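Below is a structure I'd like to ask you about.
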Amino acid sequence: MLLFALKKIMEVLLTLVGITFVCFLLIRLVPGDPVLLMIGERNLDPIAYAEAKAKLGLDKPIASQFASYAGQVITGDLGTSITSKASVWSEFKEHFPATVELSIVALIFAVLFSIPFGILAAVKKNTFFDYFLMGTSLTGYSMPIFWWGLVLILFFSVKLGWTPVSGRIALEYDIPVKTGFYLMDTLSSEVREAEGYRPFWSAVQHLILPMIVLGTIPLAVMARMTRSSFLEVLGEDFVRTARAKGLPETRVILVHAFRNALIPIVTTLALCFGTVITGAILTETIFSWPGIGKWIVTSITSRDYPTIQGGVLIIAVIIVLTNTLVDLIYIYLNPRIKNALLK
Amino acid sequence: MKDFFIELSRDIRKNKGAFAGFLLISFFISLALFAPLLSSYQPDQVIDGALRLSPGAEYGGHYFLFGTDDIGRDLFTRILFGARVSLMVGLSVVVLAASLGTFLGLMAGYFGGWTDRVISRMMDFIMALPAVLFAIVIVAVLGPGLVNSVVAVSIVALPNFTRLIRAQVLAEKNKQYVQAARLYGAGHFRILFKEILPNCMAPLIVQGSLGFSDGVLNCAALGFLGLGAQAPTPEWGTMLSDARSFLESSPWMVNLPGICILLVVLSFNLLGDGLRDALDPRLKNRA
Amino acid sequence: MLLEIEDLSVQFKTDAGTLEALRPVSFSVAESEVLGVVGESGSGKSVTNLALMGLLPANAKISTKRVVFHGKNLDLNSQRELRKIRGSQISMIFQDPMTALNPSLKVGYQMIETLRCHFDISKEVARSRAILLLERVGIPNAEKRLSSYSFELSGGLSQRVMIAMAISCHPKLLIADEPTTALDVTIQKQILDLLLDLQKENKMSMIFVSHDLALVRKYSHRVQVMYAGELAESGRTEDVIQHPHHPYTFGLLKARPSAHEGLAKEPLYAIPGVVPSLKARPTGCQFHPRCSRATDVCKTLNPKLTGSSQKFACHHPLETP
């Protein structure tokens, strides 16, 4: 167990160092003078240039540059944005909750629909229903979501007028930020006293289309995974035993098969985190959702290299950590592995 | 090898999904090949005054099957030439990622030890970042453009191929036919490319098909974000992005490229899925 | 009679066409009787039992003239009817105990769930009953075992858990489908003795499927020999083994290594040929391509099951009574 934990921690640390190194190299690989890139100026008088170079540590050898960069990163100093002059970390904190809120809602949406669909398709294998669901999910899987978002906007926002086109909440509401999650902040007592539940509904309405767009690919991927995982498990001996014991079919499927089919499904869910972050970049661009995806894209178009460097680093760290967490859940779900490790 | 392809074509015909995908792909390939014959315009040819005409419109003796865009270019022509761009993009991504990935995977799997550790770690780094984000980073370094986006997307696709081939090599390495070849004094090169590689073909073809669709989709996404092909290249993602401001008034400008991206991606996924069912012996015999 | 089956047949619809896995077969099991079923793999032993339990895959087509269980008509195509008696009146244990238990659920959970499915009892009551059952089947530290997973148990222990679970609801009929094939020979006897004890104690009937005639001879009152989805011979165990009429039964007996011969001079006898594939059944008697007594009539006419107490399906039986 201890050995495993150590090995795992080493692995994660190594990956994190690697990522930090890649982000460190990023600025140095961009064609052009890194000093000018980091300061964001085209011309600088020689004295200011030398000052900036010394301040950024670019006059030192590359190894010590990396050491000091890594040191800064560990203390949470990710540099300063060229465009806003604010620290990258504070900008990240400002944008992060919006993405987390959207991603969680999208993943819940995906899980809620994909697992029942996948199970139904597996139970009704090779029927019209199965073909229909799997055809739909392959289409969802192949969906260019940047177009899908526009189609939904065109239909629901423009034609029907049901949902707003962009943003997180109607402009008329000014919500004091506590958690950064609007679904929670709009329910705080002060907001409710002042505006009732209208801000909350506004936030919900704004969330629906981005949620569907961002949830589409995870939904499709997980529905397919659930189906194949169930098909495999339903053929196992212990499912036959469960039936032979006279258990109702719902129990056979939802307890006996589900428990064993869950492991690959959870793994797939974990792999979806990456998809969701990717999707968030596109979804946030379409819906002007003020999250980290839009933040990164904006910083790329404005060539704000410190922000790109810091932002990419944080996202990578988050993904590595989530994947590690998922590995742990995987072990928890699989008693065979858990026991082997505990011994 | 010839038998392999004969069996492959039989598998495609037997699997309805794969066959549908194959037909769609053939359709798009012919559109791309015969684009100049099918349309009477150039992709960047501006017809004066024919601004944002809806599909099927006629203007000044011209007929526009798919309408025109905001500066008066024939959309049908641009979609046709866009098929060329997308298919070339997908092909380049697969060729680049598959050849380099195969090489790295063969090395990692066959030689093991440090070679394996270094290569596997590198792939882990690439996998740690989500595909589009990683591609964005690479494009941010190299600068936006079609070629750079292809390079970026190929790098992102690399781990899939490398890991696949590595796993395959590990499985094949100790089989008797490889041992036998070694006993007869075959060199590393011969064993790798003559003995092991042919046995990796089936999963490689499946991954190739799936990688093609990923490549097309990711490059289109980069185009949409303004980081891929630049105007006036008739690339579907870029076209879609440029048409966003006309979503309400001229939705076809957005929808036509969108549908085309979906269909191309879907057809390669159908083919890849069907081939996997047909070629994966583990799935093959399952009821 | 506890169970009477008349003309049970099973077909599988596959891409390769319809396969007749079981041709109309009739048999019965008396109260407190152990019926041994013998045959090579593919002979239809398991299909018969799975059909009775309603556990065949969806592409199986079952037809029967009449099935009576415990005085009531039973529709083998009605999952609703079968579910009510599965586990409670008829239960089953399988060949491989290691895969028959759910690896993600604790033994206790699986036992308690079975009990509570058929009896209206609380978790605590079910738990104490589960402990008693595990003790009854000879599992040491029964209470501790409740929180084990199947993969922590040996094959023998797993099979004991399966048996405890199978008898937990006092079934009238227990189907044991090759219950010891996957186990060590040393464990084999313990498990079978346990089954027999339980059978006598609870006055259950039992269908004991095996390919080992010696075991069947030792543990069952009556035996039926199956071949290619048909009944070849059936009767009281001693009668069939002492005086086999069907050449196939004779072959099976001859193919058995016997203790008397010791270091035999002759090599072990093997019936020539293999069980016919369901895709390519022979005409006439299913056994004729492998039978030394076969004549022209065997090639065209499939013999009917004849005889009174000892029945057989053969044109040229051995030692006609």
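Order of writing sets the chain letters: A, B and C. Residues in each chain are counted from 1.
FYI, a contact is a pair of C-beta atoms (placed from the backbone, for glycine too) under 8 Å apart; a residue touches a chain by one contact, two chains touch by 3 or more.
Computed from a prediction, not measured in an experiment: that's the story for all the values here.
Of all the chains, the one whose CA centre sits at the greatest distance from that of subunit A is C. Across all inter-chain contacts, the pair with the most C-beta pairs is A-B. A separation of 54 Å divides the Cα centre of subunit B from that of subunit C.
Distance between subunit A and subunit B, defined via averaged C-alpha coordinates, is recorded as 24 Å. Inter-chain spacing, taken between the CA centroids of subunit A and subunit C, is 54 Å.
For subunit B, residues that reach two or more other chains under the stated contact definition are 287. Subunit B contributes residues 17, 121, 124-125, 128-133, 136-137, 139-141, 143, 213, 217, 220-221, 224-227, 237, 240-241, 244, 247-248, 251, 254-255, 257-259, 261-262, 265-266, 269-270, 273, 286-287 to its touches with subunit A in the complex. If you check the complex, the residues on subunit C that touch subunit A are 53-55, 79, 83-88, 91-92, 94, 96, 99-105, 113-114, 117-118, 149, 151-152, 162, 165, 169.
Remark: subunit A residues 14-15, 18-19, 22, 26, 29-31, 138-139, 141-144, 146-148, 150-151, 153-154, 158, 231-232, 235, 274-275, 277-278, 281-282, 285, 296-297, 300-301, 305, 308, 312, 315-316, 319-320, 323 touch subunit B in the complex. Within the complex formed with subunit C, the residues of subunit A that make contact are 236-238, 240-249, 251, 255-256, 259-260, 333-336, 339.
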